[in-house]
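To keep things simple, chains are lettered A, B and C as they appear, and every chain counts its residues starting from 1.
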Amino acid sequence: MSIIEVKNLSFVYGIDTPFEKKAVEDVSLSVDEGEVIGLIGHTGSGKSTFVQMLNGLIKPTSGQVLLAGRDIWEKPKEIRNIRFKVGMVFQYPEYQLFDDTVYKDISFGPRNKGYSEKEIDEKVRNAARFVGLSERLLKESPFDLSGGEKRRAAIAGIIAMDPDVLVLDEPTAGLDPKGKNLLLAQIMQYHKQRKNTIFIVSHSMEDISRIADRVMVMNKGRLEMLDTPRNIFAQVEKIESMGLRVPQITKIMMTLKERGVNLPDGILTVEQAFFEVVNLLKKEGKI
Amino acid sequence: MSFISVENVKFSYDEDKKNVLNDINLKIEQGEFVALLGHNGCGKSTAAKLLNAMILPDEGVVIVDKMNTSDEKLTYEIRRNVGLVLQNPDNQLVASVIEEDVAFGPENLGVPPEEIRERVDRALKTVDMYEYRKHAPHKLSGGQKQRVAIAGILAMQPTCVVFDEPTAMLDPNGREEVMNTILTLKQNGITVVLITHYMNEAVMADRVIVMDKGVVLTEGNPREVFSQVNLLKKHSLDVPQATELAYKLLGIGLKFDEMPLNTDECVDYLEGVLK
Amino acid sequence: MTRDIALGQFIPGKGVIHKMDARVKILLLIAFIVLIFCTFNFISLGLITASVVAVILLSDIPFKMYLKSLKVIILIIVITSLLNIFYGSGEPLVQFWIFKITLSGIYRAVFVTVRIVCLILISSCLTFTTSPTDLTDAIERLMKPLKIFHIKVHEIAMMMTIALRFVPTLLEETDKIMAAQKARGADMESGGMIKKIKAMTPVLIPLFVSAFRRAYDLAVAMECRCYQGGDGRTRMKILKMKKLDWFCVAFTALVLIGVILCNIFFPAAI
């Protein structure tokens, strides 16, 4: 069943002023429960505006967002409830930490949601476990944590609200490779257990191709492509014409194919590439 | 003698805490482009601040262009010589108008007004931001802001520019803009020290130095360094996918003349093997 | 969403007043303010009003903008002029209960109203036609002589420059943090005053933390660019008095003489 359905969604900034700008234009799609959707597009393509319409932070100029079949703006006064169902992690979320302990900070969302103390405690500890924050750290001030820990504490604050849909805007921006890989692994582990729907915005095509079931490509406010990573990244030219890149390994394999080497389309990871190359060598009896 | 030499330097922010830099030795020649690589907390940012006398070594010496950074009389001459560009482009711009921001450095140095004007125009042209000279910083993209910050350093006419993760907060386009600007500086004969954790940026350097836990792990030209895939992985550093694939193939007995570092080299190598 | 707050309400333009040296503008503004309060009869009041109108007509700013700035203080104008009407001395024209309206009261009210309106118009003219950067720059240069009283003129001006630079950045940041906390279910709209103030804590604390972090970064960046305070510093922009500026000084001087003569040769009305 589709958990989120977006119908002809548009948003225009500064209507009736000289600065009028269409940020999102006529986007429609439907996302199934448990899917991981990667969202790519260069800066200014409307990605951020689009994801902020999913949890009602921005009200669409026209079109609808249906969550489990119901328009999220059906009762505008209760829009706050939507934000607990569609959890949103902004870029550099560590800049939103404010309470005196990590525990209290993570509990901010669940408390707003109206959970009982017992439930809050359970949700906070679960969320902390998902992102790999130890019990000891929960008592610390969030401002004393390392950069990577702060990031994970902030993400835990959203996970603790137990949303059905989790939106992550560039969760790994600014982290080093070690921190990045760790965080991605934790998010995927969480997804595996909780089985909820995830939208992940990223500039790293390598990351997107590794974790997404389907990829949305946005360009100039429009949804240009929506398909599996394999099919999306097979269209190197189209992707590059929108100022985006494909993963390096995909590019290498595609170029080889163009030069007449017998390789399949849309190879996304080094492991796949290695597998295909070895296969080919075996077939030709070179090894 | 090297243009910059760091000799047996130890440093800690807190006396009783362990050393951030532990007996480090670096040599950088004039006009060289050196990449300093390592994950967060390995001491590479601290090393950057050593080079322009923002911090002074607890032990050992840092010599820049024959000047000892511990000599207080030379502090500002050293900072003029060695510009430092920081990570967050927003937090290094002082004025509300681009050209006035770029003028900030030379103004501090007491350069005469007409010459400041010339330097500002030239610096803005070098980073390709001249047409934005009257704009306000907050309206620019991250990459543009970072280029303005670079122009602000260039206007002091430094011989060396140290970049402390200049692209960490930028999108891919911004990253490319800044990397192109860095390459332009190198072509103009400026010594460049680039601190980064992106391998594909480090590949462009003449020499790569890998740091971990306050010591130099390995150094050499990019090919030598990135050939040590195991060592890099062990210290949680990424290698380019092109290199990783070649390395895996090496494991099953496929030899190559030199380790491929980028897309083109990898394609050529594989084409040779597969055809 | 970024709110574009027009800082200091500067409106770019190409008018005569825009082209003037900001230092001259500030000094002439002070001269005008003094003159406005040194008018004691209707002729000098008329003269100064005419000059102010002339200045704002020359300013290449839509008159609508001036009306907007008057609108803000309309209440103050009404209250002060009412108070003045009832405060006059002499024969009452109208009298009811404890209130009496006298001719001198009406005169006072007219004077007060015209003075305040002129004051607002001429000051708005300065802020409309001068960019905040030019304004701080001019203030720094004008205040330079105060150095002998150990006033840190350069430091004050530097602080103003940095504040101007970071206001838009921090506004944008406030928007971001508010959105992030709303996404965590923060309720900032409902409830009374106290509840609303409490609800702002999750926004204010991160904002302060961020401001401190930025301040620290900026201090490092400034040191890297050899900043050592105001001593030995030069400026790229050299401000020079042009023909236009001298002309405006002369104009103001004429108005000044006019007002003095009117005050001498005509009887005071208040």
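Points to keep in mind about this one:
Throughout what follows, a contact is a pair of C-beta atoms (placed from the backbone, for glycine too) under 8 Å apart; a residue touches a chain by one contact, two chains touch by 3 or more.
All values derive from a computational prediction rather than experimental measurement.
Fewest steps needed to get from chain B to chain C, stepping only to touching chains, is 1. Interface comparison, A-B against A-C: more C-beta pairs in contact at A-B. With centres set at the average Cα position, the gap from chain B to chain C is 45 Å. Taking each chain's centre as the mean of its C-alpha atoms, chain A lies 31 Å from chain B. The centroid of the Cα atoms in chain A and the matching centroid in chain C are 47 Å apart. Across the complex, chain C meets chain A through its residues 1, 173, 176-177, 179-187, 201-203, 205-206, 209-210.
By the touch criterion stated above, chain A contacts chain B in their complex at residues 42-43, 146-148, 173-179, 181, 203, 206, 243-245, 247-249, 251-252, 255-256, 259-261, 270, 273-274, 277-278, 280-281, 284, 286-287. By the touch rule above, chain A contacts chain C in their complex via residues 13, 52, 55, 57-58, 80, 83-84, 87-88, 90, 93, 95-99, 108-109, 112-113, 143, 157-158, 161. If you check the complex, the residues on chain B that touch chain C are 52, 54, 76, 79-80, 83-84, 86, 88, 90-97, 99-100, 103-113, 116-117, 120, 136-138, 149, 152-153, 156.
Those residues of chain B that touch chain A in the complex are listed here as 39-41, 141, 168-169, 171-174, 197, 200, 236-238, 240-242, 244-245, 248-249, 252-254, 263, 266-267, 270-271, 273-275.
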